[in-house]
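Once you've had a glance at the structure underneath, I'll fire off some questions.
Here the chain labels run A, B and C in written order, and each chain numbers its own residues starting at 1.
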């Protein structure tokens, strides 16, 4: 080609020189896993629903949660929020109030009577779900979304399981619970109450139903195993709460001793206050070691619940005309036991007594295996299952508190979801590779959305985004929104009104803006802004960016400046 | 010309800049501010070299590379020609390096300022003669090691402070003087836009980290620039009529060690007690900037 | 003043200059014309000659006819830009007012300054009179802007002798000049409508070819100058440019060769010698670059000796003009070429000197003595 005079050339001709072959590493947009999602047993896509909430797209945010968890209003009130403990923002200033935001979005759904889609077509098979607690209902929900017919079989007169009978009104109002359960009925899930099943159901039932999911829960209170426990005036925690929920609170007198440190014990104590009596919690370890949600314990103490820590009950006796006498002993903490928790050791001759009218025992629950032992494998921890909820007996699955594992609502929901997936696979055949890709991170969280209706994604990475991965120069400190609540203690304990009132829309918007969006592109455009080689571009202003690999030199600035760590640098294969 | 994915990018890819080059980022944003109705003049330097191998030009606007020391003079001539043709709507902008601006081209620059041509002169300052191999320039900061004034057994590197070009520019009574940084490209964009509204000359000095010359991994170009700003060593401000009219306030102040330690050209300071003591001189410069300009 | 009038009539868009004796009158006259609204140019006062040349280079790149002038040290300072303009193929017109180069400093005339630019790709004409300067400046713009040439053009005129003297000059009607010199239409220029990149760097695979093309343009210019000159003569009636002017060279035994105002003195001497029966003629080299080797060869091939009078010197070698002449005649055994260095830094060259030079040449021719190197004429050996 003839040389041009004066070495004058046309502009833009550098497009003929492909600097892409300089690269040693290539940037790849890879949506990583946010630690909050990894920690969520229900596998909710928290980053996405917060991003949608931030843009006031509350309907979309609700649908995002509903892809994985059918009970946002419930969880937004009672969940122990492991997501917040994992939140990367907690190392920057304070973690996101994810729990409160889930509640806000869930309540938006209830208020606007939003209905979830059923993405799969109707199938002829019907599945039986035994038990209408969170595990059972979550399983039913996901099965229904997969197209199956579902019969939920509940022994008691009302659906909800532990949610109904074990959590007081001031934490989870009945209308909220009923609203979220009613929604399931409108989807076509049959919830049959006052159904009594015998042990033959586990064999004969498989003729009528294609599979059975056992979600009986753990509803038998453990006993103290001390003298005097059978005296009248000694109640079990779940029985007490159930009676209150049923409208028949038992007479408890003026002074109530509540033995235990978990959520049930705390719920009992705060309920007692609202009945007009004076509760005292008796817990054998220290405050920090109480298994109950820390916030709940704090509120309980603010409301006026008394507490005796490092105290174990020894003996119950009656005193004529003065109610019950609970003899206790003080503890000191010893070395950790087999479960990793420190062993309380009684301090000799530290005995003392507490007088009370009623003693409520709330030290934990167990499942009631009587009908199950012949059909499925079962031990003290519960019915044995694999990570998918399969019992080993074809067609029989189990989950929730009935099986070994953390006794939380979100865990129950997660197990119900996994079992639904396992049931779908059982009926249709496994796709093991695809099933493994559903897991997010390393803590057992799983995406049902990926199974049902995978959203298009250029590249998904299973890498969990850490605090160090984020470029924090782009974040400003901003205090966490606080939950509006009834602050007048007298007013609070004078009724069973819900204590926390939920974020206003303004509060929800402010708080959702604090989300770092770990692993999700927030369209901040840093990659585009800082590319020296004009090689980050997009066709449409509403879409995320792409890399022009013909020219990208792999300098890595885009990955480094991405606040949310959405770009991974991957070695080029030569 | 081959239409490319985003034709608003007036600085096409395929240029030969080092991966992670700060100048390329600055140039993209300068051209976003100028738009297409512009003629760019670049004296000899990194930018000129990596954008003009024969037959491979990324410039989608008219561009001329004259010599090393006459960027400002050639721009003056172009501007006069446009004025003659009654096409003063076409703007002339110089994008030149610190070598061409602070040293060899300072005479021509002074002439351009004195005559008051409506030309924004934008200096991308990577603090040495990078194109020819990282040699010392009057723009090189105190204690930096360069190939012609390296750190050694009897030397801490540059022994003189950085020449204050913005002050020299302002002493010419030109319309607008500003400092900017590659790490804050939107700010640079606004400043270029503002310079283009001036009826006389303006000068913008863009602090431009250079991974090859300063000794840090290429992905950290923006990070290093940010650190420079947040120590107070690269203050961002605007001046009109001899007065400071705006400064960029430092959000979270950083001690100069954090900035110096991150670069190979200063690592000799960290290798001995005396070296670390020398750092105090640099901290004083930062402190002085912060106080004088009110950066906190 | 005549030069200023010539430049004015060519309507340059941008003028830039930096003062240096003896160029000052020209640029001052132009400045006054601009100030009085007679000349619609952008007159840019530069901070140095280097900047002045750069300004003009930039203006030319932007597609506007441009002009500057300098002398001596100023020309040296412009050198980098002139090479650059030639390489970038930009037309610009310069007046080179000849003056000696420092050190030692002198403001008197010789040709060392413009001769030092002879390798750059700049087209150079040396004028003998103010009239010629006037005529040549007008043609210079057209030569530079010719699409086959596209090189800077310099009109060299002896400082003080031609710039600070009074001479009647016949001016040309503006209409005729407009007919001869249409508005500048650039082949390539900086224009947002068609973005071009000027000043690329070229690798070894193309660079030699680009330089070769500059030489090619120089070669083409030889014929083109003739065409343009004919056009000039036809339109204006004034004599057009020529590469050389041959004066009484037919059948001359000795031919003298010189450039610039010195030629006037040489013509006087030649006339006197011829009337004494001496067979001598002279060639005035009008265009030094491109060097009119063929024309000189044709003219000199039957002479016995050629005496070249240089007003400059290539230190370590010989007078530059004589080197060019010797190269042109190198394949011939006859004529014998002698090099004489005369008139440096304004030293007067008298007709006696020219008589003596002619005699020397004649003697060398007859005795077939070979004279190497240059002879420095009128040197005061008593002060060496």
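To be clear about the criterion, a contact is a pair of C-beta atoms (placed from the backbone, for glycine too) under 8 Å apart; a residue touches a chain by one contact, two chains touch by 3 or more.
All values derive from a computational prediction rather than experimental measurement.
**Q** Determine the chain that sits nearest the middle of the structure, using the mean of its CA atoms as its centre.
**A** Taking the mean of C-alpha atoms per chain, the most central one is B.
**Q** Can you tell me which chain pair comes out on top for contact count?
**A** B-C
**Q** Hey, which chain ends up farthest from subunit B, C-alpha centres compared?
**A** Using the mean of the C-alpha atoms as each chain's centre, the farthest one from subunit B is A.
**Q** How big is the gap, in whole Å, between where the Cα atoms of subunit B centre and where those of subunit C centre?
**A** Comparing mean C-alpha positions, subunit C is 43 Å from subunit B.
**Q** Using the average of all C-alpha atoms in each chain as its centre, how far is it in Å between subunit A and subunit B?
**A** 52
**Q** I'd like the Å distance between the centres of subunit A and subunit C, where a centre is the mean of that chain's Cα atoms.
**A** It comes to 92 Å between the two C-alpha centres.
**Q** Provide the list of subunit B residues touching at least two other chains, using ranges where the numbers run on.
**A** Only 51, 53-55, 57, 59-63 qualify.
**Q** Using the touch rule from the top of the page, what residues of subunit C touch 2 or more other chains?
**A** 195-202, 206
**Q** Any chance you could list the residues of subunit A touching two or more other chains?
**A** Residues 7, 9-13.
**Q** Considering the complex alone, what residue numbers of subunit C touch subunit B?
**A** That would be residues 13-14, 16, 40-42, 44-48, 50-52, 54-64, 66, 80-81, 84, 190-192, 194-203, 206 of subunit C.
**Q** For a test of understanding, state which residues of subunit C touch subunit A in their complex under the given definition.
**A** It comes out as residues 87-90, 150, 188, 195-202, 206, 209-210, 213.
**Q** Under the stated contact criterion, what part of subunit A meets subunit C in this complex?
**A** 3, 5-13
**Q** Spell out the part of subunit A that touches subunit B in their complex, as residue ranges.
**A** Residue positions touching the partner: 7, 9-19, 22, 473, 476, 529-535, 537, 539, 548, 550-551, 553-557, 559-561, 569.
**Q** Can you list the residues on subunit B that touch subunit C in the complex?
**A** 36-39, 41, 48-49, 51-55, 57, 59-67, 69-70, 72-78, 80-85, 90, 107-108, 110-111, 114-115
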